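Read through the structures below before going on.
Below, subunit A partners subunit B and then partners subunit C, in two separate complexes.
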Partner chain A sequence: MQLARLAALLVPLLALLTGPAQACTIGVSTAGVLKLSNDGHTLSSGNSGGIASVLAISDLDLDLNGTTITISNTRLDTTPAGFAAPVSYAATYNAVWLLTGASGSLVSNPSFTVPPVLNLVVTVTLHNTVTSATGFKQGNYTTKTTVTCS
Partner chain B sequence: MRHLSGLVIVVAAACLPTRTAALDVTFTGLVVDTCTIAVATPGVMMLSGDGTILGSDQTLGVPATVTVVSIGSNNIALSAPTLLTYPAGYTPGGGTVAMNYTGLASHPAFSSLGLNFDIGMLSLSSLFVNLKVTDAAGFAQGTYTAKTVLTCS
Partner chain C sequence: MQLSAPILAAALLLAFAGAASAQSLSPMHNEGETPSLVKGFKLYVGNPYRVRMVFEVIPMDPKFEVVVADAAVNFPEIAMAPGTSRQVIVTFRIDPQLKERTIGVCVQPKDIEGTVMPRVCGTYTGRLRRAGG
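Presenting the complex of A and B:
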């Protein structure tokens, strides 16, 4: 009898867990803007006048494993013609969700797991930095960082 | 029956759908040619032993230090040096005013003419500018000021 009740409780849950696949959703609420440092060596959203990119990640997984969010592959996507200076990249993030959060960098801690909580949205504030020992040529630059949730 | 229920749960968990999404987050930036200059240390001119040269290159003299930060391609121009102020007892015109510079660029020979040079991407760097007034008739007692106007564009 107790097993029957338990089964009755579990069936809806199992139906939810095994329902049609729905990917988590990543949306950009604030576009990132890079600014040049005073010494001309770093182009970063963390420099004065720069703007961090703000992401909202929703439709998170409800299973016991939670949702893993990964920050990876920061790269220089577009540069002015003729710019070929060697550069290095960095990205840092600060993520917040219900009552807690996580922070890290591309190098030290590029991913984190959000535990399963109903109605959860994770807000991620992401910074990009490009460093060039020889500075940057005049023109437009674009960097990209891949954010994945699974 | 209990074993069967446990098996159902395990099988259901194993069949959880994969839910993955990826997004390239884009940052944009615009770099424009800019140049920033500042006088970090004003120059000090001292009189030569024979009394005919008043210059920052003389003993105890101090060249002016100008700091420069350049983004992109710029040009630094130094105007022809001039004697700006002098004491009432001194008559200008018999002497010459000249300058040289070293540091981020070098023009060690003194020149009475304006000078300029191109710079590219440059982090905080220093230009050391010497000014000197040469007058075979010597200098009257008092305070003298010489200048060159430095522009970056």
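Presenting the complex of A and C:
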């Protein structure tokens, strides 16, 4: 009987200590800016005057397998009316957590895995590039890249 | 005042506060048996930030590349107040020949502006319970 009472007291205490199940939260801390290259064929955050996007990924899953973060599907999200030139896409990233990190691109190592560490925050710096052999029509362009936490 | 072509052509990406582009999904992995041909999982979608947001909850393949058939979410779109979480139920049919099926579920903001489409995805496996088991 006393054991049952003790268990009834301990269960809510344990719940308080462990807190809610960890998940994954992705926040965009810097949106980034694309700039046109001098030859007019490349829009990139890596060009002079461009700014990379910066993401903070936190509340990571504490599953022993860690959390996989994948960079994919870079595309043009906004273009000037009438722009239909064929383009190609590239994206590179540099991720940092604790004293280590990972880097890669859409083609090479688009995913990396971070360890299950409590309160870990992964900072990802992302450069997007759009290339057009025929150049870009005057106007505003925006890109979008999918970042998946799984 | 006219801006030079390079400046005009530069893509000015909208400043987008981190608070407006984040979500959470819990648990991110689960598995279980079902006595019927349909398996359901209870998931929690969270909006831990300071902006009201609408999220899409999408059943996908385990690699999170395509939307799958024979799977549904009771609230495929959820408008959530800041700092809240909400339960959704994902259900999917299991082929009796295969006896097991894994699907992905992704949560992403609807109509998001900015440079990044943030997704949080999980995988969920359902197995048919053996007769007498």
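To be clear about the criterion, the second predicted complex is superposed on the first by the 127 of 150 C-alpha atoms of A that agree within 3 Å, B and C clash if a C-alpha of one lies under 4 Å from a C-alpha of the other, contacts with A are read in each partner's own complex, and residues count from 1 in each chain.
The criterion applied here is as follows: contacts are C-beta pairs under 8 Å (C-beta built on N, C-alpha and C of every residue); 3 or more make two chains touch, one makes a residue touch a chain.
Remember, predicted model here, so these are calculated numbers, not experimental data.
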{"item": "Partner chain(s) touched by A:141 [first = subunit B, second = subunit C, both, neither]", "value": "both"}
{"item": "Partner chain(s) touched by A:29 [first = subunit B, second = subunit C, both, neither]", "value": "second"}
{"item": "First, second, both or neither for A:107, with subunit B first and subunit C second", "value": "neither"}
{"item": "Partner chain in contact with A:98 - subunit B first, subunit C second, else both or neither", "value": "neither"}
{"item": "Touching partner for A:49 - first (subunit B), second (subunit C), both, neither", "value": "second"}
{"item": "First (subunit B), second (subunit C), both or neither touched by A:149", "value": "both"}
{"item": "First (subunit B), second (subunit C), both or neither touched by A:39", "value": "first"}
{"item": "Shared subunit A surface residues [contacts with subunit B and with subunit C]", "value": "20-26, 28, 31-36, 38, 40, 43, 53, 55, 59, 61, 63, 67, 126, 128, 136-150"}
{"item": "Contact footprint of subunit A on subunit B as seen in their complex", "value": "1-2, 5, 8-9, 12-13, 15-33, 69-73, 120-124"}
{"item": "Residues of subunit A that touch subunit B when the two form their complex", "value": "3, 6-7, 10, 14, 17-26, 28, 31-36, 38-41, 43, 45, 50, 53, 55, 59, 61, 63-64, 67, 77, 80, 126, 128, 134-150"}
{"item": "Subunit C - residues contacting subunit A, complex", "value": "5-6, 8-29, 44, 46, 48-49, 64, 104, 106, 114-123"}
{"item": "Residue ranges of subunit A in contact with subunit C within the complex", "value": "20-29, 31-36, 38, 40, 43, 49, 53, 55-56, 59, 61, 63, 67, 70, 73, 78, 126, 128, 136-150"}
